[in-house]
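In what follows, a single structure is set out as structure tokens and then discussed.
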Amino acid sequence: MFADYSSQELLAIFAMQGFAGLILFSVFVLMALGLAIIFGQMGVINMAHGEFMILGAYVTYMLSNFFEAYLPDLFGIYFFIAMICAFIASGALGLFVEWALIRHLYKRPLDTLLATWGLSLILQQIYRSVFGAREVGVTIPDWMMGSLPLTDMIEVPINGIFVMVLAVSISIAVYLMMFRSSWGKQVRAVVQNRVMAGAVGINTEWTDRLTFGIGCGVAGVAGSAFTMIGSTGPTAGQLYIVDTFLVVVFGGAASLLGTIASAFSISQAQSIMEFFLSGSMAKVLTLLTVVGILMIRPQGLFALKLRK
Amino acid sequence: MSDQDFPNGKKDARAAGLSRRSVLLGGTALTASLFAPSFGNAQSFPTAEINTTGLAVTDDTVTIGILHSITGTMAISETGSVQAEKLAIDQINAMGGILGRKIEYIQEDGASDWPTFAEKAKKLLVNDKVASVMGCWTSASRKAVLPVFEQYNGFLYYPTFYEGLEQSPNVIYTGQEATQQIIAGIDWVTKTKGAKSFYLLGSDYIWPRTSNKIARKHIEKLGLKVVGEEYYPLGHTQFNSVINKIRLKKPDVIYAIVVGGSNVAFYKQLKAAGIDMTKEKPLLLTISVTEDEIRGIGGENIEGAYACMKYFQSLQNDNNLAFVKAFKEMWGEDMVIGDVTQAAYLGPWLWKAAVEKAGSFDVDKVRAASPGIELTTAPEGYVKVHENHHLWSKTRVGRAKADGQYEVVFETADLVEPDPFPEGYQ
Amino acid sequence: MKPQSNRFMSMQEMVGFAILALLIFVIFPLILDPFRLNLFGKYLTYAFVALGLVLCWGAGGILSLGQGVFFGLGGYCMAMFLKLEASTPENTKIQSTPGIPDFMDWNQLTELPFWWQPFHSFTFTVIAVVLVPVIFAFIIGVAMFRRRVGGVYFAIITQAIAAIMTILIIGQQGYTGGVNGITDLRTLMGWDIRTDEAKNILYFVNGGLLFACLFAAQYIRRSKLGRILIAMRDQEDRVRFSGYDVADFKTFVFCAGAAFAAIGGAMFTLQVGFMSPSFVGIVPSIEMVIFCAVGGRLSILGAVYGALVVNWAKTTFSESFPELWLLGLGALFIAVVLAFPKGLAGLYDDFIAPRVKPLFDKLRSKSNSKDADFVGAPAE
Amino acid sequence: MNYVNPNFVLMVEGLTVSFDGFKAVNDLSFYVEPNECRVIIGPNGAGKTTVLDLICGRTKATEGSVKFKGQELLKMREDQIVHAGVGRKFQTPSVYEDLTVFENLEISYPKGHGVFGALAFKRDLEVIERIEQITQTIFLTDALDEKAAYLSHGQKQWLEIGMLLIQDPELLMLDEPVAGMSVAERKKTAELLNRIIQDRSVIVIEHDMKFVEDIATRVTVLHQGQILSEGTMEHVQADPKVVEVYLGH
């Protein structure tokens, strides 16, 4: 396969392929972080995760139209504002959903799956009624499209770099929130022992609501970022759901580090296989490997061994 | 799908040699025109005579079905078809309807679910007794309803360009079959752009696979090279790996048949990876991106790509200008019209012409009357129904512009003959 | 104290079964036209899956989001047989290789793959319809339950399996018919299955099989195995210390659910006339769980009503308000989970059972039967 | 203590388990004779329950060996250990709340434990008689048709003991059988236990010293996962190390 190419060319291709793997990794991290908070920390199986992401994407779409029409001078930076708005919108919807739906179901994790599936259908229909059944085109500022030539042969996509930077910064932010803030301590306390946490004066209700809201908010940011690389339509959220859950479960549900490690291994495996095999087979093999490993090691990559 | 119903289209090949003008002259008697008054009124066609099989025809109305997905993943694509069909029905009614009868329609939702399509098709035919159905979009939905239409002898107008390999007595295919769409495009890109090597890419299902198969055969016949062929699952959104492979193989042409949400991801990532399609190195040729899809992709992300199909919204002929104007008046200024939408618009008109030629709504008579039906008022220009129930049509190549429209850069001199079972391409 | 009887059914359940039988075998055929009847026949094929889920999920606590896989496998086995029968050399003489299914010809296959060969035999097909999915379920079950994968993890892994299966079927279109599925099925051993008359007969066959499965499920639930399942769902650990190999029991019930789903799939193929990957994937699999949840996850009769009601609502809703039916369906899911976690069966227990109970008590005092733990729901 | 008597029912040697480096049980060895009633005591967190978990297979040991009548238990599954003749009662009453008392006992009846055995299991006269006999022993005759969920805390404990009795294990392990009971219930339970520990070996975890005195053949004191002292009740009570641990906490 490589006989006809100079070593320089090959090197360039491999460098870019490595970069493609990293982009995929960042995409997975962004998709999975919100769910890792919601599913990993709270045990809620949020099947509407994709729809929360798409809400972020639609917010970005609306803002891009708004800036194009009213503030064309600031169009270059609207994306950052859009991400913040996406966080707020998805987060607010998350708070509402927690209040209306999820809080009644903490003792029945499998039922959250059904209820949130219903929620996802409703959201899809709302998107369809409001924005139309067709995909909408989100205009991205020019500086974010295109590529950055590193050497003569190696070019890296700017939106890829953007996604990577975003993934890293959100990961750090989530890490700081979970492990360095008092809110994080409360979340972890509630996760470990709800009754006890309530007894020592933690407002468990609000902790839950906020955790869910922040998880959804992060999903919204991810959705906003994905307008650069993917499509925005009423049903686009469903495309992400299997991958997202597998990443979180494969990582060991309760471990944020595990989520990142699993995003890394799955993305690398997939991107390497995609390069050497055809696309569909690569996907099947990746999923099979993940399922196979999960059968051997059901607790995922990173799981705490606990005394029962 | 048997041979005796349909003499092989090849026998009629001499017609391919006719220029548009000569066909026009020969066909005026049968031509239905948008501007000509509809002939006849209800009194001159007693219901009992024009409807001997119990269809939903009254003294002043005739009911047809519209069967598309309004919900589910396919709603994105099928909305345009529904709009075009409703527009055509309105216009026909404004001209006095068919045989003096106004068209009423019953719309059913296929919900992007194939058994639902079959179920609804059966409902339309058995319960509602509709005289014909405009509907379906994906091949899977058509395959699902096909046995129903054949069993209950319904009549379907199917608008989508598709893989061919089918020819049912109960379907008129108003979109192009694969060879019509593909061969002209590849010939054009080799002749005018000097392309020597191709990278074939598609979503993983029957249409892209069959189309690429035809493309590959034709490319190899021309003595050129296919350097890669690849398929990704429907809904796949990560194309960086395949973009790297394309860089490695350095093809002259990327031949892309990616569909749905994958489309958007593919073109955005292609652009972001620094492959500037306006430089045409490599050139991108697609048969799956209509103006509808560009709305989701964003014109700036696909600028410079070439698409090969039979209709573009930017066609500058009187029929099309009137059609685009009427469509926008009915559905809004910001509407765009793609190839399939136009093909869907042809459905009611072709049916009207066939019914009037047959002087009856009976499906058997309409079927018998259908081959040879011509439409001079089609937005795409002149079309004619082939004996194999597909349309003779021109194939065009358009170059995508940043505003989301195509600039037509090539069109075949003659109508291209439909050939759903192409010998030598299977 | 009365002696502990272990009867197959309580009086109340018998009445429930009788009402359902009346509905399916007498009332529907009388009031529905052939078209609607066929539609209800299709709904009832989903009841097989829901029934399997009542055993797996309601009784055993194993939520599978991959039941579509088994439904599909059963359906595909049947479709392969029918397709071979439809692909006689005469019917396919325009192909470059006559005698093989059309989609194979389009994909340049020149002979039938070896694993299609046995499907020329109807006996083999009937066995395969049940056995193929069961073996597949057995492999998954052993692998997962031995490693004690349960709950949410099991649900998500089965969902991934459904995704893999869909991609595989679509990708291998030369062997499977791809995204279009296996279509244009005509006859079953020479008998045209597309006529109204055939569809009527198939409806009754379907109903008969459904009742056979209902009885099988009732037998399982009434046996000690049924009680062990309930015990396992609530206190899995404790069951181990009563000396049971929990993994074996879970695998068994998972296989039973797969077998039911597969029979439903095969009947679906026969009644609808084709099989496609759109019944295998994630979305149909979750919808099947919903049928079960709406009917009441604990009630085997509820499963049948759930499948009927949801599908009927889906058809009606989408006929009258096509643009709104997703909203209705979504709201239904949420309402069932939040307000009626026991589904229709729960409504029956709460509102209807107390009124009819005195009646049964009278009868019961004569027959000495023991009251049921959970009762079926002749709701509606 | 270092002689090996082939007649020991249970031989625990070098048993160790660590959770992420924390050794909950560390190099533990003890031996149980036939018909012996061994009581394990010790402060909270000493590893008492973990020892029982290790023996019955609920927790996997890191090192060591547990031999029951010569069979190595550490390599067996929980259900195989039960079939070998080891019964276990949990600290919190663990019965099947959705099932009746009768059904609870029936599930524990040592027959039809395979999948197909359970399918074919018949509730014959022998089963019914045996269950009725057990319910008499555990004072639950009147509650036979009651769902276990409606029993009082003490009744649930008795039911669980009954479920063990019906298995007729050679080694019975009881985790705090009288915890959380009223005085009257406690008395009845002590009576019950005294009756059932005849003819088999028993390991009991208990805090109630009066109760321990009544039933114990020997006492093992655990502290931080290791044996602090072992012997008769008097011996242990006199051991200064034991006194220190208990008073020191």
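As written, the chains take the letters A, B, C and D, and residue 1 is the first residue of each chain.
FYI, a residue touches a chain if its C-beta (ideal position, glycine included) is under 8 Å from a C-beta of that chain, and two chains touch if they have at least 3 such contacts.
What you are looking at is a predicted structure, and each value in this text was computed from that prediction instead of being measured.
Using CA-based centroids throughout, the chain positioned farthest away from subunit D is B. Compared on C-beta pairs in contact, A-B and B-C come out with A-B as the pair having more. Ranked by how close its mean Cα position lies to the mean of all protein Cα atoms, the top chain is C. The distance from the centre of subunit A to the centre of subunit B, each centre being the mean of the chain's C-alpha atoms, comes to 38 Å. If each chain is reduced to the centroid of its CA atoms, subunit B and subunit C end up 38 Å from each other.
Rounded to whole angstrom units, the spacing between the C-alpha centres of subunit B and subunit D is 76. For this pair, subunit C with subunit D, the centres built from the Cα atoms lie 43 Å apart.
Contact of a single residue of subunit B with at least two other chains is seen at positions 70-71, 204, 231, 233. In subunit D, the residues touching two or more other chains are 58. Looking at subunit C, one finds that residues 167, 170-171, 323, 326 touch two or more other chains.
Note for the complex: subunit A touches subunit C at residues 43, 45, 47, 101, 104-105, 108-111, 113-115, 117-122, 124-126, 128-129, 238, 241-242, 245-246, 249, 253, 280-281, 283-284, 287-288, 290-291, 294-296, 298.
Every residue of subunit A that touches subunit B in the complex is listed here, in rising order: 5, 9, 13, 16-17, 19-20, 23-24, 27, 125, 128, 132-140, 145-147, 149, 155, 157-160, 228-236, 238-239, 270-271, 274-275, 278-280, 282-283. Against subunit A, in their complex, subunit B makes its touches with residues 70-73, 75-76, 79, 204, 230-233, 235-238, 240-245, 247-248, 260-265, 268-269, 271-274, 292-301, 404. Taken in their complex, subunit D has these residues touching subunit C: 56-58, 77-79, 82-83, 87-88, 90, 94-99, 102-103, 106-108, 110, 112-115, 118-123, 128, 131, 141-142, 144-145, 163, 167.
Listed in rising order, the residues of subunit C touching subunit A in the complex are 63, 65, 143-144, 147-149, 151-153, 155-157, 159-161, 163-164, 167-168, 170-171, 282-283, 286, 289-290, 293, 323-324, 326-327, 329-334, 336-338, 341.
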